[in-house]
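What follows is a set of structures for review.
First chain A sits with chain B, and in the next complex the same chain sits with chain C.
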Partner chain A sequence: MLEINDLSISIGPHEIVSIEHLSIQAGQRLGLVGESGSGKTMTAMSIIGLLPHDAVVSGSIKISGVEMVNRSERELTEIRGSEVGVIFQDPLRALNPTMRVGKQVGEALRLHKTVPKKDVKRRTVELFEQVQLADGANLIRRYPHQLSGGQRQRVLIAIAIAADPKLLIADEPTTALDVTVQKEILELLQRLSAERGMAVLFVSHDLGVIQAISDEIAVLYGGKLVETGSTELVIGSSRHRYTEALINVNPGHPEDISASLGERLVTIKGSVPAQGGFLSGCRFRGRCPHELDQCAAAPPLTSVSSDHSFRCWNPTELTVLPTSEVVGHGGSDND
Partner chain B sequence: MTDQTRALEERPPDSVDLDLWESGSNTPSRRVPPQLVIGASITALFVGIGVLSIFWTPYDLDIVDVPNQFLRPGSEGHLLGTDKLGRDMTSQIMAGARNSLLVSVVSTVASLVPGVLIGLVAAGASPFWRSIIIRMTDIGVALPGILVALVLATSLGPGNTTAIIAIMFWFIPTAARVTMAPARQILSRDFVEAARAYGRSRKFILFRHVLPNIGPLIIVQASVMFAIAILIEAALSYLGIGAQRPTPSWGRLLKEAQPLIGQAPYLMVIPGVTIMLAVIGFNLLGDGLRTYLDPQQSAKGGGA
Partner chain C sequence: MTDLFRTDDLSFDYRPRASRREVSSDWTLQNIAVSIPAGSTVGIVGESGSGKSTLVRLLCGLLAPSKGDIVFEGRSIKDWLSNGQRDFYRRNQIVFQSPASSVDPRLRIKASLSEPTKALERRKPEPTELKNWLEDVGLSSDVLSRYPHQLSGGQLQRIAVARALSVRPEVLFADEPTSALDVSVQAQVLNLLMGLKHRHGLTLVLVSHDLAVVARVCDRILVLKDGQVVESGETAAVMTDPQTAYTRTLIEASRATSLVKD
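Here is the complex of A and B:
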């Protein structure tokens, strides 16, 4: 469905993102996780060609076998929406404050599909039902500021799926929502992806959210994939030291937290360096507590199994644990 | 758009606060600011008199009645007096409103349409083309308007058309600049990114997403431009390159009254005060609209 090969995004002299391989099958949900500045949004937006003017993209991004890199703006405009839908972090900001939400959904409907004018309203209400917005006939006349956060995000999802895209890019779609709404939206996305066979690229910094929704996880650091694999393997038997650190910093469930009250929260020391500030070799060098001399050279790709690989010179040793116990640790809101 | 993309996008100017709808639109009561009421009343009066003068004035505009020359304001049958040929000042002022209205409406609309268009195009253009358009509007703004009008008058001859074209030279670059900065701010908003992400063309975004969002600013700008256009029209007529007899004009009344300032000062005071009132009316209207259309300001009590 989506296949990325040798993708490189540069701005000026800095290579912001460099990804050798990433793919999503139809109906599959891939979670792209990383800190702020890791290049996850850039990666997601490069798929539909929405990057800053001065960004240079090379490599290959294919959607259903169709190459997306170096397409003209006009061709991209065709593909956006019809092949790929996008939902954004802040649903209030992603809706036009001067237009009624029904109209915004209706326009998305008519943009890529020939929907007769008289059917637009009915189809909009249908879409609202699919994203579990009750009382759609009434809601379509509201303005964005008259809706709740969860309702707005559902409207955005309705816009994103209006033209039946094969791939949905969800860029931190739950970050601006409170936890109960977050859970509902995650369930909705999961259901939509299963029902429609729609691939989902879910971008977040929150490993708990990613774990709740994804079949596969790709961990991005400094614009490079450090570990990829099925959710169980990446969370349950993570090998890369960065993934390990990410899992450790998650405070986990309330009962876990109460047990550790009074203790300091675990953090990853330092912060992501500015562009150009990365050391040679492994990008996590300088912040990694398990650094070796050889880390100054680029770490090789190690495949643990067909669906789990990582790049680390000094990976976490596998301790044999029942997977389920460890998996429960990363989530904060997934059950 | 979250981390890197946002940081890497060049920052549009933050000169204008555009969050008109974001936080304040739920405020329960929207007070109508007093300057809006006063401004709208003066403007309505002015427009009403202008329209009325098309159908009726107390006296025919060009009736010369020399025996009744230089009647003081308040005289029998002539509320505002008569000029040196005995023509009724009330009628002249009424008809002058019509001309001022015509020139200011035509020149403002004819400037705003291309000006806003240029501003929108510049906002959506690549940095290279944008900088070219900005430099061109800079040149336009830097041109001394009265000089441009004088040059135009020598080739086109004096008259309303000359005044309108001269005002357009003045206003188009201003309108473009006033549009561009806020339009760029709207373009950096997430809903524009969202619209692009679901496949909207640049043109559609500019007209359907950006324009409605900067609409209030353009309305305010229009009312300010009306006021300035009235002033410029009067100035040009005073200099003799605007309306000529028999076209009635406040500026021309001023010009005709100038040699008689010692003998009949009211001939100068009356059109002068009228121009001032009309300009104040439009300015208050613009000020009031700005407050009224910005919920954040009206929530604070409406002081602009």
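Here is the complex of A and C:
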């Protein structure tokens, strides 16, 4: 469905993103994870050509075989919305505050699907049902400020899926939401992707959220993919030290941790460097507690299996535990 | 431990003249009775709209109760605010959710950081004080001449904490201090708050919608739903043996996005 090859995005003298290969199959959910500044939003937005004007893109991004790089604005407008749907982080800012939400969904239907005017209302209510917005006939008359955060995000999802896109890009869609609402939205996206055979690119800084929704995970740092593979393998037997660090900063299950009350949480040393501030070789150098001399050179790609690869000179040892136990249950802390 | 704060049948509503009306289920807060022991770390958990931020604003004197009372060190908050307001504000400081909007974008960090001292102590802070406050939160004095947009979210939240602590409060309220931050930065800010609490003997009140966060930091938990306290108690007890279905829902939701470490 989506295939990225040798993608490079530069702004001025700095190469922000450099991805050799990344692909998503139809109906599959890929989680792209990394801290702020690791290039994940840039990568996601490059797919639909929504990048700053001074960004230079090279390489290839194909959606169902159609090349997206260096398209004209007009061709891109066609593809956005119809082939690819997008959900942004802040639902309040993504919706027009002066327009009833039903009309905003209708707009997407009329633009991309050319639904006849008389059917728009009926289709809008249907879409509201699909995103589990109860009482759709009433809700379409509301303005964004009259809805809760979760409802707004559902409206955005309705707009994004209005034209039956083959790919849905979700950029931190749950970061602004309560954990309870977040859980519902994640379940909704999972269901929609399964029912419609829609590929989903889910972007988040939180590996916990990514793990809850993705079949595959790609860990991005300094604009480079450091580890990719199935969710089970990336979480259960992570190899790259950055993936390990992201797993460790997660606060863990609430019931399991009351024993470690008041203990310091595990952190990642330092912070993500600014544009162009990354060291050569392994990008995680300088923050990694397991750094070796050879990390100054670019780490080679190591394939653990056809479904799991990473780039690290000093990876974590393979865990002997069966992965299902590590992902699903268990309970001990590692610090 | 003695109770630093105690609320007595506290109710609040944002609509005008609420104090003349009867408390009903559509009030923002209804008949809240909580106590905060000195030196404790209390977590207030609930969804958006549950009233957790309103409760914190009432406790630190930014809103006035519609019904009932808040008692701080044996004196009613009304009494504090009419007679000893400056002292009350000095002793109760707050850190807000969004670090970017809690500092004036047109002021250099130095000016923002000096404000509480100017307002509450009527003096300008010494350069060594400024340096010490920043060191306390793990920043160097280089940031003093910067503007907010030149700093990261985590750095700004540290500034907000340093600013709150600059007047040596007894209670630090933190209203969702990490929800606008990356998980990796969240851990740093939580560690910072816990460290400062021990170093300065603070009472810490932490508001969050995420139980996983609160469970790691707080020794007592208060669960709010639709303006009422549905559950409260020691963290370990609430987490392992929740008494209400709602608390279990919150634990489940938080569990769904938590990772178990091997």
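The working rule: the second predicted complex is superposed on the first by the 326 of 335 C-alpha atoms of A that agree within 3 Å, B and C clash if a C-alpha of one lies under 4 Å from a C-alpha of the other, contacts with A are read in each partner's own complex, and residues count from 1 in each chain.
What we mean here is this: contacts are C-beta pairs under 8 Å (C-beta built on N, C-alpha and C of every residue); 3 or more make two chains touch, one makes a residue touch a chain.
Here the structure is a predicted model, which is why all the values come from computation and not from measurement.
*Asks:* Have a look at where A:Ala26 lands relative to chain B and chain C in the superposition and call it first, second, both or neither.
*Replies:* The answer is neither, since A:Ala26 touches no partner chain.
*Asks:* So in the superposed three-chain picture, is A:Ser36 touching just chain B, just chain C, both, or none of them (first/second/both/neither)?
*Replies:* Both: A:Ser36 reaches chain B and chain C.
*Asks:* Could you look at A:Leu279 and tell me whether it touches chain B, chain C, both or neither (first, second, both, neither)?
*Replies:* So A:Leu279 meets neither chain B nor chain C here.
*Asks:* Return first, second, both or neither, reflecting whether A:Asn96 touches chain B, chain C, both chains, or no partner chain.
*Replies:* In the superposition, A:Asn96 contacts chain B only.
*Asks:* Touch test for A:Val115: chain B only (first), chain C only (second), both, or neither?
*Replies:* neither
*Asks:* Determine, under the contact definition given at the top, whether A:Val304 touches first (chain B), second (chain C), both, or neither.
*Replies:* neither
*Asks:* Classify the contacts of A:Ser82 with the two partner chains as first (chain B alone), second (chain C alone), both, or neither.
*Replies:* A:Ser82 sits against chain B, while chain C stays out of touch.
*Asks:* In the superposed arrangement, what residues of chain A touch both chain B and chain C?
*Replies:* 36
*Asks:* Given the complex with chain A, which residues does chain C contribute to the contact?
*Replies:* Counting only chain C, the residues touching chain A are 41, 47-49, 152-154, 182-188, 190-191, 194-195, 209-213, 215-219, 235-236, 239-240, 249-262.
*Asks:* Which residues of chain A touch chain C once you look at their complex with the stated criterion?
*Replies:* Listed in rising order, the residues are 35-36, 148-149, 178-183, 186, 205-209, 211-212, 235-236, 245-268, 271, 319, 321, 326-327, 329-334.
*Asks:* Quick check on the complex: what are the chain A residues that touch chain B?
*Replies:* 11, 16, 36-42, 45, 48, 50-55, 73, 77-82, 84-86, 88-90, 92-99, 108, 111-112, 143, 145, 156, 159-160, 162-163, 169, 171-172
*Asks:* Quick one: which bits of chain B touch chain A in the complex? Just the residue numbers, please.
*Replies:* Touching chain A from chain B are residues 1-5, 8-10, 20-22, 25-26, 126-127, 189-191, 193-202, 208-209, 212-213, 215.
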